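Chains here go by letter, A, B, C, D and E, matching the order in which they are written, and residues are numbered from 1 within each.
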Amino acid sequence: MLQVMMKKQLADFTIDIQFTVENNILVLLGPSGAGKTTILRAIAGLLRPDTGTIIHNERVLFSSTARTFVPPQFRHVGYMFQEFALFPHMNVRKNIWYGVKQNDNKAKELYERLLGLLHIEHLTTRFINRLSGGEKQRVALARALMAEPAILLLDEPLSALDSDTRLELQAELKKIQGIWKIPFVLVTHDIAEAKALGDQFLFLEKGRQVARPAFRPSEFCQCQSIELA
Amino acid sequence: MLQVMMKKQLADFTIDIQFTVENNILVLLGPSGAGKTTILRAIAGLLRPDTGTIIHNERVLFSSTARTFVPPQFRHVGYMFQEFALFPHMNVRKNIWYGVKQNDNKAKELYERLLGLLHIEHLTTRFINRLSGGEKQRVALARALMAEPAILLLDEPLSALDSDTRLELQAELKKIQGIWKIPFVLVTHDIAEAKALGDQFLFLEKGRQVARPAFRPSEFCQCQSIELA
Amino acid sequence: MEWQPVLLSLKVALSSLIFVFIFGVAAAYSMRSFEFPGKSALEALFALPLVLPPVVTGFVLLVLIGKQGPIGQFLSESLHTQIIFTPYAAVLAATVVAFPLMYHSAKAAFEGVDSNLEDAARTLGSGSWRVFWTITMPLSWSGLVAGLVLSFARALGEFGATIMVAGNIPGKTQTIPLAIYFAAEANDLTLAGAYVLMISGITFFLIFGLNIWSKKRCGKSSVKGVF
Amino acid sequence: MEWQPVLLSLKVALSSLIFVFIFGVAAAYSMRSFEFPGKSALEALFALPLVLPPVVTGFVLLVLIGKQGPIGQFLSESLHTQIIFTPYAAVLAATVVAFPLMYHSAKAAFEGVDSNLEDAARTLGSGSWRVFWTITMPLSWSGLVAGLVLSFARALGEFGATIMVAGNIPGKTQTIPLAIYFAAEANDLTLAGAYVLMISGITFFLIFGLNIWSKKRCGKSSVKGVF
Amino acid sequence: GGEKKAPPAAQQAQTVEINVSAAVSLKDALAEIQKDYQAKNPNIKLVYNLGASGALQKQIEQGAPADIFISAAPKQMNELEAKNLINKGTRKNLVENKLVVVVPKETKLNITKYEDLTQDSVQKIALGETATVPAGQYAEQVLQKLGLWDKLKERAVYAKDVRTVLAYTETGNVEAGIVYKTDAISSDKVKIAAVAPEGSHQPIVYPIALTTGTKQQEAAEAFVEYLFSADSKAIFEKHGFVMGK
């Protein structure tokens, strides 16, 4: 269980949010610039909220009153960056293994499984600058999963993938969550994806939770009668 | 009109493609790693095909037989990179203006219009590293449009945007194409977007055109009954 | 203590800095863009002034720009002038010894520039020249500044080669290091100390100024964000 | 020509390179991570050995490690040893003069590292130490190599400070630059020339080797792709 | 000084090292003498530290190990004496040198005496820095004595050491230079055009003395004595020096 309560002053507005994620999937939704990435960074320990607390299974990761700040490397957070942040001086294999603590059989199995799942078996010796955008995204996802985290943060993890792969991976993520039973926080702009993955939803606008999003019906209707010329 | 005929050996397969874009919008579709970005780079002049020709309105941009290679700066191509490639040492305003040749009233009007359209008025003096992912994408789009190109290449231009903004911008892109009447080549993974924007479609798989994509019906069905908890 | 060596030193160091910057950056940029046989040899040649004792560099320059040297003869025949034993020779000496510092710093800096950004600039209509000035240079700025600091310091402190080709003509070619050397040799340690303080002061001033300036710059565009 | 100065020079330059690398990188990295009053002053101090004539640096070192100097006294009292007029003094001198080159190169190199990648490594469980070794260092490699080249060249060519603290004792503390000086002073220009060729040869060898090595490395992970 | 004597037993068994700090211009002569002397005294090891006299002086002032100091001019020796760092009683003049005018070997100018330097065709003359380089000081004395100083001052290029004067002359960048005879002999790209008249300058002497810090008093004295022997004299004279009185 992850409890987040934080305030953080940004350039244009203040993030002021409070939520609890049970051991399931929370989907963060909201327009571009609403503060989604900022919230993930705060949970990962890459930035300090101005005030608030972040608690994971009774362990205080951050508390402004108790002056607690657990540095990122001790938080056991798997964080997939929106812009991947893959290590350009390592090949795909090394990138994926970077966060693994114990190089045991279990890790090897997981590695093989992820390679297959993400269709990146043929890329293991490639360097990052020679991957396509979607390939990078899948490698970044593999890296975050391989660390076997206690909390998983995914910032638009499937945005650069074609719909087939996307659907496949949505199912896989759901399955993995079912096995690991840890809190996932996931950002996406795709309503269908949110629907498919989310157990809880949090709509964000200018740093604050909004009760119900003002979705325009248009986007849902359009899909119905797809027929490509 | 843009005519492309090219072969290029890649790590895992060879791109072998041939297509013509009238002054309208061609949508490139295909799984991750199919060669979409590579094709755009070839049109922009950032890589040389092994063989083939690229011709724009009778002007030969590339020809392997005639040994013609027009360098990118003379191609008048507006290219929005998949990973943005915004200049980190300039603010948003400078980035957007970078490709403008004539700083006249027309340019100023277009600039103001794009700022409004893309909702980035408040960001003009921000540096790139202080933008959110979607903000970067919108700035990159503005930069490519501001250059008033003769060909526009957009590599997943709206992938990081929320659906509202996305729909709005799809309409705007369509409108702009209608005014400029130049060839657009657009990459997207979103079928609805392809449908909304495309005049022509090209399905790519491992570097080759495939007649008809094997779309799974699932993705279209799902949208119909959206109801978020 | 006299002010003349201080002024002369500053003049010489700054003038040579201009040349060092131009040649160092140009050389590093060309070496980045072109592959040719003998490239490594040329690179090694560029490092030589650093490894050779300055007196040897000075001697080589003396032979080149001296009365009978190829450059010296060219100058005296075509321009009826000579630079040996003049402050110009001091500028030349400082330029040659500081060059490797700028070259290697600039080379490393250019290597770090993301070529995607240069590509992006090219698609936006910039020719190589504009790409260089607006993208490559600013993005390698911290490396170039390091090169400039090192070069300036080296030029300011240059002694061995300078004294060889510029001579030590008080009031005409005596720079601070020469003044220090002669004061020390004459056992006037107070005077030598004064000049040492002077030259250290200039260095402090330079680095302070640079730090303040680059902090201002970073305030605007810090690569690390503010969080 | 004798081989002893060549061997000694290599030994001294390589040993000092180790110290220069450790101290230079450590200093640059700490300066990057911490803000404190007097930081600019410390930075300026780090540039001083470059700007001061080596003889002055040598004199300062002489005073420090001489019999009456604080370091000299400490060494003779606690360890019953002295480093003045020994090859260790030459290593010390080379380290001090080459340090600024490494420091400034490393500093610029570290500034160029994308802090997002360091953040990513941290979320993957790496402590500062591992982040430094696996991310920061490799990513600033080209700048660090430039610093190493410059430092090695400078250490190899070091003369003024060395002769002051290590003396010029043939067979014991005579490095190549000292041998050059010594041969030139004795008017044996052939011998001096031979040593100059020798030291140039070492430089060529170094830069050649480095280029070949880094080409191999780039073949694997070129930042520019192959297209 | 309160020097500690090494235990006698150790002294006999071990070879004795004598540290000699000497002006670099004595290099060749001292190297030959070293060979002879060590052959004759196998338990003695001579360690030379060769450098500019001023640098050697500073090293001795800072307590660098040296048993014997040979300076290229009295000045450095005087200063050490004033600081009580050399043993006054042991100070002697080892060798003498002469001051000569050198010209490039292929020169077209006709210079045979110091006065010829005033010819208009002599545009530049190299000499050592008059305040610091002994050869420069002596050159100034000679020129003043001969009444040429005021005329030649304008043409002077001051070098930081004699080697540089030679380099300027060898490369033809000056028409003439003033150096020691021993230096002139060792270079084959210059020739001696004139020798300073007897008495036109103070004698150019190389003083020698034991330092007060020496721990090898006896061995060092024995070596100094050998330097004044006929064997050594022959070697010094071969290299252009004149033996002191």
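Worth a mention:
In this text, contacts are C-beta pairs under 8 Å (C-beta built on N, C-alpha and C of every residue); 3 or more make two chains touch, one makes a residue touch a chain.
Because the structure is a prediction, the values reported are computed rather than measured.
Chain centres were defined as the mean of their Cα atoms; on that basis the chain farthest from chain C turns out to be A. Residues touching across the chain C and chain D pair largely coincide in numbering: over half of the numbers involved belong to both copies.
Centroid distances from chain B, each centroid being the mean of CA atoms, peak for E. Once the centre of each chain is set as its mean CA position, chain B and chain D turn out to be 50 Å apart. Separating the centre of chain A from that of chain B, both taken as means of CA atoms, is a distance of 27 Å. For this pair, chain C with chain E, the centres built from the Cα atoms lie 37 Å apart. Each chain gets a centre from the mean of its Cα atoms; for chain C and chain D, those two points are 19 Å apart.
Annotation for chain A: residues touching 2 or more other chains are 46, 83, 130. In chain D, the residues touching two or more other chains are 55, 59, 114, 184, 223-225. Residues of chain D touching chain C in their complex: 39-41, 43-44, 47-48, 50-56, 59, 100-101, 104-105, 107-109, 111-112, 114-115, 142-143, 145-146, 149-150, 153-154, 156-157, 159-160, 177, 180-181, 184, 192, 196, 199-200, 202-204, 206-208, 211-212, 223-225. On the side of chain A, the complex with chain B involves touching residues 11-12, 29-33, 36-37, 82-83, 122, 126, 130, 132-135, 137-138, 155-156, 159-167, 189-192, 194-196, 198-201, 213, 215-216, 218-220, 222-224, 226-229.
Of all the residues in chain D, the ones that touch chain E in their complex are 55, 59, 62-63, 66-69, 72, 82, 84-85, 163-164, 167-170, 172, 182, 184-188. On the chain B side of its complex with chain C, the touching residues are 44-46, 71-73, 75-79, 81, 83, 85-89, 91, 98-99, 101, 127, 129-130, 143, 147.
Residues of chain E touching chain D in their complex: 19, 21, 24-25, 27-28, 47-51, 55, 58-59, 62-65, 161, 163, 166, 183, 186-187.
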